[in-house]
Amino acid sequence: MRLEAGCELVFEATAPTPLILMLRPRSGSGQWVLREEYTLEPTTPVVEYTDSYGNLCQRLVTPQGHFRVYTTACVETADTIDVEPAAPYVPVQDLPENVLQFLLPSRYCEADRLGELASEIVGDRAPGYEQVEAIRHWIHTNVTYQYGTSDASTSAAETAAKKIGVCRDFAHLGIALCRSFSIPARMVVGYLYQLDPMDLHAWFEAYIGDRWFTFDATQTEPRGNRIAIAYGRDATDVALATQYGPLTLKTMRVWVNVKA
Amino acid sequence: MRLEAGCELVFEATAPTPLILMLRPRSGSGQWVLREEYTLEPTTPVVEYTDSYGNLCQRLVTPQGHFRVYTTACVETADTIDVEPAAPYVPVQDLPENVLQFLLPSRYCEADRLGELASEIVGDRAPGYEQVEAIRHWIHTNVTYQYGTSDASTSAAETAAKKIGVCRDFAHLGIALCRSFSIPARMVVGYLYQLDPMDLHAWFEAYIGDRWFTFDATQTEPRGNRIAIAYGRDATDVALATQYGPLTLKTMRVWVNVKA
Amino acid sequence: MRLEAGCELVFEATAPTPLILMLRPRSGSGQWVLREEYTLEPTTPVVEYTDSYGNLCQRLVTPQGHFRVYTTACVETADTIDVEPAAPYVPVQDLPENVLQFLLPSRYCEADRLGELASEIVGDRAPGYEQVEAIRHWIHTNVTYQYGTSDASTSAAETAAKKIGVCRDFAHLGIALCRSFSIPARMVVGYLYQLDPMDLHAWFEAYIGDRWFTFDATQTEPRGNRIAIAYGRDATDVALATQYGPLTLKTMRVWVNVKA
Amino acid sequence: MRLEAGCELVFEATAPTPLILMLRPRSGSGQWVLREEYTLEPTTPVVEYTDSYGNLCQRLVTPQGHFRVYTTACVETADTIDVEPAAPYVPVQDLPENVLQFLLPSRYCEADRLGELASEIVGDRAPGYEQVEAIRHWIHTNVTYQYGTSDASTSAAETAAKKIGVCRDFAHLGIALCRSFSIPARMVVGYLYQLDPMDLHAWFEAYIGDRWFTFDATQTEPRGNRIAIAYGRDATDVALATQYGPLTLKTMRVWVNVKA
């Protein structure tokens, strides 16, 4: 499907503030950026660089006062995500080198603390895709989706305990549970068509068989029409805006529409 | 200045052909991509990756028959390029690690063969910017710009001998002469506003003082309003289209316009 | 000083187990590896790769049974570490790109939770080196060093609460407190001459002025004669041995001696 | 086989000279460094870094006068190299991204000029291993090995014309011919047991099937017991010593012995 997706962020800064944005989707396998726009008001010098995960990062210092970021992209996406119950677990010794880092615990994904829960959930499923799907399904069934119940410091272990959170928490828990089984898992942030209410979204991918598969514990059915913006170990790596100073997000608007 | 720049390439393939394109300018210091479009007709799966120089590369297999690539971008550029006669030569031991590779000879820049010519040109100029400017000026004055006098295999040593060529040859010669003096130099391809006749363009950068400076031996005056698309050791690294099979470029159109 | 440092690890595996070792110090600024030995018994195929931090990693599958890793190196080290109270805080916008990742929270360093404590500790010290030294000194003074009081899942926030731990916990707390002030900080594991009792050691570095400085909250005085083995965000990245299966470390021996 | 291999280089510098050495073999698939020594006399500060090919580079400024580099390593090597006539050609679209650069022409490997010769040599061999072996065999049979017939500026096209050269020229020609057929090929420098006369050696690898295979046009039979030190596009990337100033190599000694 061809989607037009974007967001508008309006900040207020009491002083010039360093800001790192990650708002430029890249063309990759499964998505092709046909057109994009990215504007800053007022116009501000920006340096764009690629981080160690391959994400495009926009680095700048906001001026004092009002600062508006507007970005929109027309992207060709896949209508469905791949579902391959037979995709097998990959023994650690056979993983590509750059996938190994996604086995490690990270700020919000304390894989080292969730092994017991993971075992209970997974039971005797076949190693690989079916384990990850069991994890995804368990989260979807057992964790309540509710805004305002978690914050920027909430981690997977806390979500496992409280069983409540938002998409970011669902993803962190999925990632942590996968890693506790030595299945590489990474965080994705991006857009999802017909997400309700519309917002930026987060989900996770697990490395099974010979590649990354998409999983989204917030959804009942496997759904395509996703636009990935950034990949990382967890939310610390893929924050759409990381600020270093007194910057307040005043308004945020997100849209994902079908493009004729 | 805000420029709208782009190109349209139309290919004809007698069989499906692997093709690597490098046609997506990145926002960097000195340029900011406000909007871009990139379309392929017919629609074709593409994987985009970053090469070892940080360029965005689009990898695909063209279908048989007609294949059209259309890309255009609205870019905020600098009206001028920096001219700093006092910028000093950087001793090799003080160069950043990732700059060192631009000291080495490469396919089209046989720095190892041009030391004598470089010495003659540079004379007793102060080491650094003034040497590079002397090189640039010498090429501009002594090499005739003429289409059809060189081809895809012409190297700097040949251009030094024949004293004729196009922008690519001018850049190769500048790069080779700089490197023969242990000044790091790299190739840039991109757009130049008011280039006449309009075409994709090539120039070079030299690392002096603490950063890269722009030099263009095809021009009389230092001119800004450039949009860099790709950087590399020489033309092999920055080919806008590298094909691996029977693909014929039928037509090519390039534009750079002021955007109100 | 010229040091001979190494370690011997003896494992017992009930089944072949994937293992990633990080036990090969690299020559860098401040240390030069004159000689090293690295043996595995029984001999086992190994692939060595460089991770995203530049550490050399040795990847293998241990055979079932007894497995011995022996590594020793003769290294020229600096007798002292640099102490520069005047080194200033670097505003985020001026940090090198590859340093930015060390501002983010990580598994064991919840910088996002320790801002208040950091403010109390630092008071009105001049931004930069003096802040980090205040943090280091506060940890040294207020946290009790005691084996067996923490484990592989203990994080900086927990150490801040319990005020007890080992070198790894001291380092994590120092890192988290620095990052809460937007000072990049990273974990180092390696050897320290005359550490008592002798063991592998962990400390941290903070990026101030224009480079990384060494800090060690376990020590009273600034001490040199360190051999760095690996760098990372925190202990997850620099584990000397990461295993993926039923491997038991039976004995471990570490030595650091002066080499005539 | 377990080999002890190393070299001693003695330089004389009329002034302090920046020097980049590439003399530290890494453990990789097929070789494991059990022990190594690396000494500089007089002792000189060195920074070691990894270049874009993964080679360890030692960067320093030699003092004025006498400068001695001594390096030796005990390495477990494979006794044989893999010979797989059935390994197929990999279509460009299926090559790993980091292999693509080895399709491009480079300073000493003008693949763009040698397509005709390659076609003649290869005839109707099956695409892949057999083509590369035909190239290797043709070079071995048709190019005369003779010291002093080529120099640091000799390229593959020249070697194809003169049909004389040393190991480096043989490798360059093999690489250029492979690339003209869109087979990725790279240069390797290192040690070869029982090379006669003993010296540092160069050979090439071609990417076929799903990995790199070793080819050596200087040898009659496929021979193992090689220690790779560095990989690159051609000799510019893998020079064991690259100097930037008045440094003279006075003596050089190389050894490769069986280690009991």
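Quick notes on this one:
Residue numbering begins at 1 within each chain, and the chains themselves are lettered A, B, C and D in the order written.
What we mean here is this: contacts are C-beta pairs under 8 Å (C-beta built on N, C-alpha and C of every residue); 3 or more make two chains touch, one makes a residue touch a chain.
As the structure is a computational prediction, the values presented were derived from the model and not from experiment.
Using the contact threshold fixed earlier, the set of chains in contact with both chain B and chain D is empty.
Centroid analysis (C-alpha atoms only) places C farthest from chain B.
Computed centre separation for the pair chain A/chain C is 29 angstrom, with centres defined by C-alpha atoms. Per-chain Cα centroids separate chain A from chain B by 36 Å.
Separation between the centroids of chain A and chain D, computed from CA atoms only, is 43 Å.
Multi-chain contact residues of chain B, defined as those touching 2 or more other chains: none present.
Taken as a graph of touching chains, this assembly is arranged as a ring, one closed cycle with exactly two partners per chain.
Chain pairs that touch one another are A-B, A-C, B-D, C-D. By the touch criterion stated above, chain A contacts chain B in their complex at residues 26-29, 32-39, 43, 45-48, 50, 54, 56, 58, 76. Contact residues of chain D toward chain B in the complex are 18, 20, 49, 51-52, 59-61, 91-93, 97-98, 100-101, 103-107, 109-110, 112-113, 152-153, 182, 236-237, 242, 244.
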